[in-house]
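Labels for the chains are A, B and C, by order of writing; each one numbers its residues from 1.
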Amino acid sequence: MSDEQRAELDTITHNILTSYARHEISQRIGEVFLPSRQRIVEILGEVRQILFPGYFGHKELTQENIKFHVGNLLSRLEQSLGEQIYHCLCYAEGGEDTEPCREKAARIARGFLVQIPHIRALLALDVQAAYDGDPAAKSIDEIVYSYPGYHAVTVYRVAHELLSQSVPLMPRIMSEHAHSVTGADIHPGARIGKNFFIDHATGVVVGETTRIGDNVKIYQGVTLGALSFPKDERGRVIKGLQRHPTIEDDVTIYANATILGGETVIGRGATIGGNTFVTESVEPGATVVPNAPSLEVRSREKDG
Amino acid sequence: MSDEQRAELDTITHNILTSYARHEISQRIGEVFLPSRQRIVEILGEVRQILFPGYFGHKELTQENIKFHVGNLLSRLEQSLGEQIYHCLCYAEGGEDTEPCREKAARIARGFLVQIPHIRALLALDVQAAYDGDPAAKSIDEIVYSYPGYHAVTVYRVAHELLSQSVPLMPRIMSEHAHSVTGADIHPGARIGKNFFIDHATGVVVGETTRIGDNVKIYQGVTLGALSFPKDERGRVIKGLQRHPTIEDDVTIYANATILGGETVIGRGATIGGNTFVTESVEPGATVVPNAPSLEVRSREKDG
Amino acid sequence: MSDEQRAELDTITHNILTSYARHEISQRIGEVFLPSRQRIVEILGEVRQILFPGYFGHKELTQENIKFHVGNLLSRLEQSLGEQIYHCLCYAEGGEDTEPCREKAARIARGFLVQIPHIRALLALDVQAAYDGDPAAKSIDEIVYSYPGYHAVTVYRVAHELLSQSVPLMPRIMSEHAHSVTGADIHPGARIGKNFFIDHATGVVVGETTRIGDNVKIYQGVTLGALSFPKDERGRVIKGLQRHPTIEDDVTIYANATILGGETVIGRGATIGGNTFVTESVEPGATVVPNAPSLEVRSREKDG
């Protein structure tokens, strides 16, 4: 590199540093460091090993070695989960009070381990719902091992538990990881009942304040979203209100339906057809079907 | 860790073990172990290196070294593919008859290698169809190297071949991996003709019993899915029937169209408009267009 | 392996080599080698570290070490970016004129570094737009760290800069990588104004010749695509025309709307409802709403 080029590189460095000072919004220099996304993704992997023994991680499990195996996994998970929860709490409080944070983090990590059998019980129902609801499913194993919808629901149930224990940032990092891998974006704040099945998964969005009952089945591309947001005097949306729909028990929602609004209730046993746009409540047992598209018959043109 | 905490952790471990016994559906303790998802994904990578020499893997290929290079890759692939097919067969038969399984696996792996030129011939047509059909494509290389739709079709053609040789589990693991990477979920059981092109790919679903002719082009978000499922006396769907549409030659299906049902036939040369919901057959040469959305002109409100 | 099996493997190898000769379209034997996709993805990671210090990569940054840290990153990035740009140029020119290529590549890499503060300024506005527009966003950090839409826009702004400096292949490889990770497919050729926000991101497609103004917000599943393509006498689409819509300032487009055509202009301040299919221009301030779906109330059937 010539002297001139080196000087130019110094100028570039200087300008970038100036940009950090000018646009503080997207830099974290001299601040408490963020929890590690990569470690949080690894934690999800460890949780999956405990939830589904013999599927993920060590495979040659027997009734003899399983106790030792799980004990080991739990110790490691408690450690790594506690560490990252600590960073999340610490981050949320701006780096103050590190000792109470550390104790609180350990308590929450332990509390999460206690909930694992409960999460497993829910996931056992979910996998059965997937098997019963999908004629293409050849076995339970295929679902646990490779269905993106089931993976997304698994991560949701884990992230929802952590959110309910008031862990900041981590639940959302988990759910966005699952979103990237599965195409389904389920906010950890949503409340979802038993026997939930998402088929194909790509493009599904379940918003933060959505409520879903038992035995609900949704297909790819379904959005349960917000309709509009009350704004404050500065024109910014007010956060924290119920903005997403309520889906009662036994509802099926077909591909690419968009259901919006915090006051929208899809009644028990209703069926929502594909490609519909629903912003009003639907009676229990009703079926919403899209208008038939127009059919235009043309003499066939030679293509090329 | 205090004694009390240690005792608590023992209780947690115990409860998780109890949960394994109670919900056997999602554990595989003491069972034949599953084939390795990671190894199967690696096999896909090796297959791609053979299908597209010079694109993936070793790049400095010449007419001199190519024979040696391919011979090497084939030996390794036959080994690793045979090994994982063996685990798949073994798994499907519950661990019985390991020697016949091993021989059968070797036979299938060899049979797959034999089909590679045939798969390449199909993929050469597919890449040309992509180039001809997409004005944004600057070169064939760009498509092979980076188009998700082409990647999804590649994995489909490989997985379909393995499924047709009755390999359990592996084809679905391959297609769900491609689904995760590309956003397109093509079931390996679908039958797809020549010159197939999926543009953009995200959200595409092609169901297990779909039949697609030659020269078909589909866009992002298109679902070729099931309409409803006959159920048995326990209310569970009956598996194995034709549930997905038939798409004849020369059909184009635009973004986010949903076409459902095993008796739905989209006739030769038809065009299906975007965001339509089609559950009945369409005549050859016809064009299905969505109903025009309503236009409501409001005085512009100041936003914020 | 028996002699017979070995002979068979030789035949298979021979047939694959023959297939390379027959279908040259998908092999690159004896050609200039392609730039490395993996290295280009790593470059994106390095760029992110410079754009968002303290979020990605090294985290314990202070006002003291930041200058040294950035200087270091820039040197490395200039090196690796220059190297891959060189391969892209070399590839595009078929391997000729390597020395001028190398100099040109170095010049472009340097030119990209110069633009970093400008890119940061745009991204600072984009993150604020995301925060203001999404009630579920708890902090700016959450958006930078985990929002797929923001990630896609970040990669777009980087890839667009490289494309505007006429780098072949690399911008598309970057955008398809972001597409795979985020579900949003933004062509690097699109022109996008300030304060751009994509919520949820999965299934979004923004075509090559799209123009988007300031303060535009789009939701998951939105397509800004081409309607049809003029074809040449051989029936192949003509490349290079304006094929995608123009979206003026202050427009909001809801989930799964499909807007097509190079002459389609969505006027300033318009709102496009979800699941609509729009192929004609929309007046400024207008609202396009989907037709209400049909409601069919059935006596509730017992499901199973």
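The criterion applied here is as follows: contacts are C-beta pairs under 8 Å (C-beta built on N, C-alpha and C of every residue); 3 or more make two chains touch, one makes a residue touch a chain.
This is a predicted model, so every value here is computed, not measured.
The copies chain A and chain C differ by a rotation of 120 degrees on their C-alpha atoms, rounded to the nearest 5.
At the interface between chain A and chain B, under half of the residue numbers appear on both sides, which makes the contact a different-residue one.
Averaged Cα coordinates give chain A a centre that lies 23 Å from the centre of chain B. Multi-chain contact residues of chain B (touching two or more other chains): 183, 202-203, 221, 236, 256, 273, 275-276, 290-291, 303.
The part of chain A that touches chain C in the complex is made up of residues 5, 8-9, 12-13, 15-20, 22-23, 25-31, 33-34, 37, 91, 168-169, 172-173, 176-177, 179-180, 183, 185, 187, 189, 202-203, 205, 207-208, 221, 223, 225-226, 229, 236-241, 243, 250, 256, 258, 260, 268-269, 273, 275-278, 282-291, 303-304. Residues of chain A touching chain B in their complex: 50-55, 59-63, 66-67, 70-71, 74-75, 78, 110, 113-114, 116-117, 120-121, 123-124, 127-128, 132-142, 144-148, 181-183, 200, 202-203, 219-221, 231, 234-236, 254-256, 273-276, 290-300, 303.
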